[in-house]
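Once you scroll down, you'll see the structures, which are given as structure tokens.
Note that chain A is present in both complexes that follow, paired respectively with chain B and with chain C.
Let's look at the complex of A and B:
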């Protein structure tokens, strides 16, 4: 066997396990989701094609799916504005390297390295009426009748779930900070020579230059809302009623109840919304243009 | 003069308020849970803000001995550890090829592998559930190990390809001239030089697997194969009135991740900044 062929064989051997993983746990599942979303399938008998029935059921069986879409829209809007905004604010502050900026950067990451399930349960106790810090604090400062049942009444449940992730925007901060630090010094020197003040540099130079990073932050934050499961399943379970329901919860119930076709139609919606968000946000932030 | 000093002071004040707020929201929930795990139920019910009267490790011993957390702890370490090792091994092989060799279709395969990062992981739940069922791996640790190691694919490939690209090709050529085989060139020469990238990918994969909840919930059922995040939920449902032990259990689940992170924070932050993914 000559050298060239032996190298080709080695390349194939080295790639084989990764390609197998890719086919088994990525490509096949994604194709399956798309195809069986159009079938009636309980996992025992083989899937039966039923056209758009699952999708019609999604919107017409009850209002759970529509409420899930409404919640996704609201949570995405909050994520893209307040959540990303807070992350960007922290990034711009840390960029100035005030005393202690490394400590802030380091601790801000902590909520992101621990289990989301544990985090959701922690927040359930924070909002607990008997022992939780929120209600006890409110009662301590004089609102002696403060007994909001956070995850169990509307609209408190929606607000409480939002608060479990609202401020934890460290990924946005790190991406934007990274991009800020990559701005060449000459750009700032030139602006300062032209008489720009600190605020003008931030507003008219730095902010436009990190637009792409902010766009990435928006995409990642909305994607996280599309896939949000623990924060709902371990706290309000979609309640009260179906007030805080979302698509991952519907997907989970579909699997548990062996309604696989139905579950996969919900999964398809999830994937498509994700792709749409990515396309729209990249366009809005003109993310493919290199500025300098 | 006076006019320019005031805004500066206010600016500084604002900056420090935001910084202190950031530290507070990031650490308070965990510190509160940890502190409360040393308080008795009565103390917790009496005043959620008070400090513990005595420090005792009894709640931790209880959780380990009476509620099987030792088993769940071992399961989590075994599953996350093995998934990380398996993933690192196979993605190092592929990362080496993508980083150092050229062949037809290379960019296409690489793009295809990494674009899957954009599909929300939960969306693939039903097909993955069925595949694991068919393989006879439902409710086994092996099944979870396999699924978790597959989750690292895009991220690990991204990091490892970049790492291998920085290792000079001259080294490979010199090794080949010395008669080293393809495998030895990879294992003895390239792999040791890729340590930092492997460590970063490994840390992110381990944290991701250690913290994973959704797939552990749908792919296992018996307590023998339960991981810590799922155990926490069962504990919460069954013993939620036992606050002390509950808080000790939560602490045990979150502390290892925090410790690992604090040891290697620079790597974790750098890779999050460049990939936007936390494992």
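Let's look at the complex of A and C:
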């Protein structure tokens, strides 16, 4: 065997465990989800093909799907702008290495090591009418009749759920900060020699050079909204009424009602939306182009 | 080592690590050949250990009786059988059982579960251990069983799905006698009709008290109980609440009237925090004398004298009653403890031993003393009444004197989706007036019928 073939063989052998894992834990479940989305399946008996019934039920049974799509659109817009914007802003501030920046970076990380479920429960207390800090603060500063039932009124429930994740943008911050730190020193030096001021360096050099990282942040943030479950299920449960419903909750309802075909049709919709988001954002941010 | 050998070694290591990471030990029961963890070669004891996930543990109200009962069982059968309870939140129990069923990992003992799942999967698929032969071999135990429950648990082919009940706990309400006295209410609640009950609520309000502990969070338990009793007083309501089938349509006038009444209670007679309140909030309002009435089961009674939860001396002020119209809520038509099919023989025997232990007259009596309840066929000891908490005794006396009918709660005749989630989720919209009772009924109906089998 010549050396070239020997190298290829070793590459193939070393890739085999990863490919095996990918097939077992990624591809097979995705294919199963996709296929069983076209079946009637209670999880115990064999799935029975029922065509597009699950999708028709999902989309047209009542207004839940439309409300879920509306909520996803709004949450995605907020995630791509305010959430990512906040993360990027913090990254740019930390990049300047102000006093205590390491402490801030560490502190900013803390919410991410606490489970989302725990946060959701904490937020139920924060927004509680009797003992919650928000309502008590409002009453303390003079709004004595402030009794918003945050997770049980519209549109307060949507706002309250949004606030449970809006400012936890540390992943975006870390990605962007890492990219900022990777910008060669020479680029900045050349700009300064040409007379650029701090704002111009940020606007015309740093921002364009980290746009790929910002794009990654946008993808991660939007896909997190597509899959957002605990924040809704453990607080408003999609209510009041259907006002804060989302697709993961529809999937969950399918599961608790032993309608796995229906649940998997919802999962398929989530996967498709996720892939579309990745394609669109990649193109918008020209993430596949070389920067340097 | 040659380059190729090194590479092969690394490859094997990576595969080994992958496989190790993916593997795990599972299982819900074991046979322990040791006693107290010490190997005894001379006389090995084969103790069957059943690991049972259950919600009657930790802070759950049911834990007060259930955990000591398991302990008594373990002591009685020391060295032969042992039950180990794995704590699980009550809200997650049914989902956990379904998940374990899909993985073929069901524990040896299960109490009830998701209603649709039991009916469609376990009963239709005959995935339960048939208790008929075993029950027939225990005539002393069988004669204590409630006939209606025995019939409900018997399939068309004569198999018995789960342990028919011997005792049940009629659910009523508790009220603050001091507040009632100050409001000038003298007529017993159980002898009122709902028009008179509404007048009593108004009197309480005029006297400066908040009448009802209601809640819309979780499964809206206390609100749902009161609504059940109202529906039972509506024409056709009691028959509906006695049905063994789920109800999927809520557009009938009796439903609309019930939803209108709930709306009124939320608007006029409950606390500010009722919308969004969970059970803990509703109970806390009553226990700390912020409300005059709470609907709940007799298992709440120990809380009245628990000063870590209740105001000092509350137990002396609390009275117990069934609902207006002489209605009590109780469920005999439900699946209780069952054993899955296909266990090892020794596991099945251990599970049966526990079911028999739970059904012993002294255990049943102890349960009724602590958690309340009644057993139509069990002759209680002479000291039973004196052992009872005075509040439970009052409830029992009201049942004896004023009970006109016993019906199931709405939670039993509603499909899981409505009982567990949707009722509580839509309740704030009804209470706030965003939905009229008719619109609320339509929304509930739509939700109920989405997954109708």
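Assume the second predicted complex is superposed on the first by the 266 of 292 C-alpha atoms of A that agree within 3 Å, B and C clash if a C-alpha of one lies under 4 Å from a C-alpha of the other, contacts with A are read in each partner's own complex, and residues count from 1 in each chain.
One rule holds for everything that comes next: a residue touches a chain if its C-beta (ideal position, glycine included) is under 8 Å from a C-beta of that chain, and two chains touch if they have at least 3 such contacts.
Here the structure is a predicted model, which is why all the values come from computation and not from measurement.
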* Partner chain in contact with A:188 - chain B first, chain C second, else both or neither -> neither
* May I ask you to decide whether A:10 touches chain B, chain C, both, or neither, giving the answer as first, second, both or neither? => both
* Structure fact -> The answer to whether chain B or chain C touches more of chain A is B
* Asked: Which of the two partners, first being chain B and second being chain C, lies in contact with A:227: first, second, both, or neither?
  -> first
* Asked: So, A:211: does it touch chain B (first), chain C (second), both, or neither?
  -> neither
* Name the contact category of A:130: first (chain B only), second (chain C only), both, or neither. => both
* For A:21, is the partner it touches chain B (first), chain C (second), both, or none of the two (neither)? -> both
* Is A:241 touching the first partner chain B, the second partner chain C, both, or neither of them? -> second
* To do: In the overlay, answer first, second, both or neither for which of chain B and chain C A:42 touches.
  => second
* Of the residues on chain A, which ones does chain B touch that chain C also touches? -> 10, 14, 17, 21, 43, 130, 256
* Structure fact -> In their shared complex, chain A is touched by residues of chain B numbered 12, 15-16, 18-19, 21-23, 25-27, 29-30, 32-33, 44-45, 47-49, 90-91, 93-94, 96-97, 101, 103, 109, 112-113, 116, 118-131, 146-147, 149-151, 153, 157, 182-183, 186, 207, 210-214, 218, 228-230, 232-233, 236, 243, 246-247, 250, 253-254, 257-258, 260-262, 265, 268-269, 272-274, 276, 278
* To do: Can you check the complex and tell me which residues of chain A touch chain C?
  => 10, 13-14, 17, 20-21, 42-45, 57, 61-62, 128-130, 147, 149, 151-154, 236-241, 253, 256-259, 262
* How about chain C: which of its residues touch chain A in the complex? -> 7, 11, 14-15, 18, 95, 98, 101-102, 114, 116-117, 120-121, 125, 216, 272-273, 275-276, 281, 416-417, 420-421, 424-426, 428-429, 432, 434-435, 443, 446, 450-451
* Complex interface listing, chain A residues touching chain B -> 6-8, 10-11, 14-15, 17-19, 21-22, 24-30, 32-33, 36, 43, 89-90, 93, 96, 98, 100-101, 103-119, 121-126, 130-133, 136-137, 167-168, 170-171, 174-175, 177-178, 216-217, 220, 223, 226-227, 229-230, 234, 248, 251-252, 254-256, 260, 263-264, 267-268, 270-271, 274-275, 278
